[in-house]
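Next come the structures, one after another.
Next come two complexes built around chain A: one with chain B, the other with chain C.
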Partner chain A sequence: MAHKGTSLKLLLNKHPYADAMIADIENFKKMTGMNVTWDVFPEDVYFDKVTAALSSGSTEYDAFMTGAYMTWTYGPAGWLVDLNEYIKGGKAAPNYDWEGVLPGLRSSTAWSGKPGDALGGPGAKQWCVPLGFEANNISYNRKMFDKIGVQVPKNLPDMMEVAAKITKDSGGAYGIGVRGSRSWATIHPGFLSGYANYGATDFTQEGGKLKAAMNSPQAKEFTKLWVKMIQDSGPKNWATYTWYQVGTDLGAGASGMIFDADILGYFMNGGDNKERGNLGYAAFAANPKATEPTANVWVWSLAMSSFSKNKDAAWDLIQWATGTDHCMFGARKMDLVNPIRTKVWQDPEFKEKINKYPGYLDQYTATAPKAQIYFTPQPMFFDLTTEWAAALQRMVAKEIPVDEGIDKLAASLDKQLKENGLG
Partner chain B sequence: MARIDGTGSPIPRILRAIALVVVLVFFLFPILWIFLMSFQTNETILAIPPSLAFTPTLINYTSLISGHLQTAAGSLDLPFMHNLFNSVLLSSVSVLVSLVLGVPAAYAFARFRFRLGEDIAFTLLSFRFAPPLLVLLPLSLYFKDLGLANTYTGLIWVYQLICLPLILWIVRGYFEDASPDVEYAYRVDGHSWWRAFTRIAIPLAGPGIAAAGLLAFIFAWNNFVFALILASADKQPVTVGALAFVTASGIQYGQIAAAIVLSIMPTLALALYAQRWLVEGLSLGAVKG
Partner chain C sequence: MSDTTHSTPAAVSGPRSARLLPYLLSLPALLVCVGILVPFVTAAYYSLQRYKLSMPQRRGFIWFDQYWNFFNDADFWHTVYVSMLYTVSTVGVELLLGLGIALLLRERSKVNNAASVALLLPLMTAPAIAALMWKLMTNPGFGVLSWVISLFGVTDFKWASAPSSAMFTVVLVDVWVYTPFIMILLLAGLRSLPTQPFEAAKLDGVPAHFVFFRITLPMLMPYMVTATLFRLLDSIQQFDIVYAMTQGGPGDSLLLFQVSAYLDFFQYTNVGRSAALMMILWAITYALSNVFIKQWLKLRERTHGAH
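Presenting the complex of A and B:
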């Protein structure tokens, strides 16, 4: 009870992972004698609130939820505390078990701050600690698949065939749901997971300078198939599709499958969704020559504000929220669907719960070894990835042939990298 | 003459009625659709194909009013009614403060010529031009130092950026349109300028003040970003609160529709009540076409 009486304030996103933390917070208060309050904001405005709080140097919030991509801006700006000071600086509790966190998640949330340096590489600062994650795989409508007589696709060409058959034979549903809005969030789920599986990268580094690699042969091969798949079997208004539309269509039976976050498919299997109880899950390696999936991940994490006046106390809270006991609570009793710790995935009670979702545990087991962020960390992430999504939109709309569209995209990104001293 | 007394062919009247119905349906259909959605569950809203036949449910309204929402990810607490209260408080007090400050100021700008008068009036108008985000970050630093961050007082102060210029410039136009001779005559009778202002000028500009107040209320009600940046979750208005139905575990369309219905009620009631002044006011003053 080193910080008994200290008051902490958290900034949280409205998310089941935050709900799990709030449901268990009384335990933390009892253990530490601290008082904890929190502000929860809807995701649509959450990062505006975080950015405003941090950029104004607000001392109001001690710790907050973030995604790893956001720390590529927040960290180098000096708004975050490097949590290695605590994890490796002897301030972590003996039973914290940092090594028990999935390695891909640990590395995905650490970066040196130097554009192009590998995540989790030498000199990396731990900008945040994983709280829960999502990997991108297939969620599909088992009932529809059985009715039409198709199997879960094994690779991208196979997925194109299955999706086309669903579109043709399902009596109204389309084959494959993927995101398409003009946003970085269109590139990050299924697209980048498949792209990485074809051995493609977003940028290469030559002499400390970044160069766009969207026009590499393997990137072009994948992008051509992806664009054709959407044209043949994607949603009609694909260019407006975000997380919400992709999920809603699967839950309502308007699509046969999605290649998106596994937890999105998990949520659509419950509640008052029409297809609740009908969904299944499968790992997916897009490249027929690949031996295992390369799922890009979104990592909901906790970060500490540099402006906090209670840093040591805030670390106690971060440590508790990402520790084994709370992870176990969230996974067993709440919807901490993808816990960050291997030990929790092996827990019999959690396994029993998750096994009610057919294939979910298997897709995790197959995906976990290579589940990580496949983007190259750099400060222009949001701008450049949004342009990538805009280029995809033009290709899908047949405004420009794929080869030409990709070449133009790469040239434009190279120009911007140069202008900003990165290329 | 036959057409005027209504004894002629009924065809023009029927055509007019049909045209009126078409226009009404066109403009009111989205609101009607939202109203119908608010009595449905997500499952019926998302049914393929969509259907107008459904069993109505009050669950969306009871969730909002009780503050508990059932979603795919379990039961969630919803502070929607508190958000609604915040909107009513922030909008109405802001408009009241703006009226108290803005109407005398508008009168002064309309009736008196003084040094830097126009400059001051334009400076106040320029508050409406500033992009809110540009103002808010520096403002949040000042608010922190002044102890106004995360307070209703601070927010009402910032809401003056929305309400005050609007009220000042609209009401100024009404005062300028009203002849000052009536006030001069009143003052010749020995009354003070304050009495002339309160007994003559304000009643003459009444419709304009009502119209400006209502417009300012609508603008304040629809504001989103001020409270988001400057205040904590417990001070957020309904515009931010309504986004809570868009969650990672799905969009609660029924609750969103019910929230829209509830959140337009105060503005709608006010607009209906003030309709007669609004029409008269908008057709006379500074915003006339």
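Presenting the complex of A and C:
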């Protein structure tokens, strides 16, 4: 009880992973004698709040939820504490078991701060600690698939055929749900997972400088198929589709399948959703020549504010929230669907719970070895990835041919990289 | 004696409070000015810097380079174009519709009074909520508007999802929300016009269109200018409807000033560019309001002269 009486304040996103933490927080308070309060914001405005709090140097929040991509902005800005100081600096509890966190997640949340350096590479700073994650795979409507007589697609060309058949034969539903809004969030789920599977990268490095690689032959091959798939079998108003629309359409039976976060499909299989109990899950390797999936991951994490006046106490909370005991609680009793620890995935009680969702555990097992962030970390991530999404929108709307659109995108990104000293 | 004793402190405190009174009275205005000027000066200061939060090592004064770069930046001119198009389209349509409805409701009757109150309801809806309602209503799968147009054989209209129809869709939402604002101002104006010129025209048998163009419209002009000014200033600063419906897309089709500045700051943490965009928007807004206020003063003088 080294920090007994200390008050911590957290900034949290409204999410089942945060709900799990709040449900268990009394245990932390009893264990440490600390007082914990929190603010919860919906995701639409959450990161605006984080940016406003951190950029103003506010000491209000000691720790907050973040995605790994955000730390590529927050870290270089000097707003985050490098948690290696605690993890590797002898301040972690003996039973914390940092090595028990899935390796892809550990590396995905660590970066040196040098544009283009590999995540988790030499000199990487641990900007945040994973709390839970999402891998991108297929969630599909088993009932609809059986009725139409189609199988779960094995690769992207196959997915295009299956999606087209669903659109044609389902009597109203469209084939494939993927995100399409003018946001970086359109690129990171299914699109980047498939893109990486085709061997394409977002940037290459030449002499320490970044160069856009969206116009490589592999990238063009994949993007052409992706664009055609949306045009043929995606939602009609795809350009406004975010996580919510993709999910609710699947849950309502308006789409046959989605290539998005696995936990999105998980949540749509319960609650009041029309299709609850009808959904199945499958790992997905987009490239017919690929041997395994390359799921890009979104990692909900906890980070510590540089402006916190209670850093050691905040570390205790981060350590507890990402430790085995809370992780086990969240996975067994709450909706911490994708726990970060290998030990929890092997827990019989959790396995029994998750096996009620057909194929979920299998898709995780098949995906886990190569589940990681496939973006190149750099401080202009949001500018450039949003522009990528905007270019995709123009191509899907047939405003510009795919080849030309991609070339223009690459040229524009190269120009911006150069202007900012990165290219 | 007692009078003198009592009057001495009053004589001292009286002039002091009298001296303080102007400062006290102007204090609220001063506080408001500080509240406006501090952010304004800060924004002006940031706009002269290369200042991206994620790249603190590159922060430095570039003076007017940011503004200069805008002039050679196709994206900036696109923002100017779509912002102007949005403003002119929304204000133009709202003015015509608002005037039409106000003319229809001009006569005082129970039905007209009830209708004018009912028509105000969209104005009570927060624009962001209105945008989300319209987003649902225009959903091709289950949206009521998509269903309505499908009855006329239009089955593939993509509303805000296609670059070709996105501007039309957000203008439609803006018109739905804000036409009542113009309608109620013009209705108040119409009902306050003097009756004598209209009675004289009626006695002389002047045709209706002549009355409208030569009497009603000129007399209503100060009200129209006022309504236009308010809407123009609001419309050029549009954010909520467009962001809630499209986030500025598809492509860059709806990257208005405020949307672009918001993305620059909150998404891309580019403080310098965001501040420079806002300064330009301020300059446009200031110039427009000056033109309109001058026009309004002229019209008011003319109207008073006519009286």
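Basically, the second predicted complex is superposed on the first by the 423 of 423 C-alpha atoms of A that agree within 3 Å, B and C clash if a C-alpha of one lies under 4 Å from a C-alpha of the other, contacts with A are read in each partner's own complex, and residues count from 1 in each chain.
Here is the rule we go by: contacts are C-beta pairs under 8 Å (C-beta built on N, C-alpha and C of every residue); 3 or more make two chains touch, one makes a residue touch a chain.
Just so you know, these numbers come straight off a predicted model, no measurement behind them.
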Notebook entry, point to check: A:E43 contacts which: chain B (first), chain C (second), both, neither?
Noted result: first
Notebook entry, point to check: Touch check for A:D24: first (chain B), second (chain C), both, or neither?
Noted result: neither
Margin query: For A:S58 in the superposed arrangement: first (chain B), second (chain C), both or neither?
Written below: first
Next item on the list: Based on the superposed arrangement, let me know which partner A:D260 touches: chain B (first), chain C (second), both, or neither?
Entry: neither
Notebook entry, point to check: Does chain B (first) or chain C (second) touch A:G247, or do both, or does neither?
Noted result: first
Item checked: Contacts of A:M334 with chain B and chain C, given as first, second, both or neither -> first
Notebook entry, point to check: Of the two partner chains, chain B (first) and chain C (second), which one does A:E399 touch, if any: first, second, both, or neither?
Noted result: second
Next item on the list: Mind working out whether A:D82 is in touch with chain B, chain C, both or neither, as first, second, both or neither?
Entry: neither
Note to self: So chain A touches chain B in one structure and chain C in the other; where do those two contact lists coincide?
What the structure shows: 48, 55, 172, 254
Next item on the list: Could you please specify the touching residues of chain B with respect to chain A in the complex?
Entry: 41-43, 46-48, 70-74, 76, 136-137, 140-141, 144, 149-150, 225, 228-229, 232-234, 236, 240, 243-244, 246-251
Check: Considering the complex alone, what residue numbers of chain C touch chain A?
Finding: 52-56, 58, 135, 138-142, 156, 158-164, 245-252, 263, 266-270
Notebook entry, point to check: In the complex of these two chains, what residues of chain A are touching chain C?
Noted result: 47-48, 51, 55, 72-74, 76-78, 172, 174, 180-184, 235-240, 249, 254, 379-380, 382-383, 386, 389-391, 393-394, 397, 399, 420-421
Item checked: Complex interface listing, chain A residues touching chain B -> 14-16, 19, 39-45, 48-49, 52, 55-60, 172, 243-244, 247-248, 251-254, 263-264, 267-268, 270-274, 276, 334-335
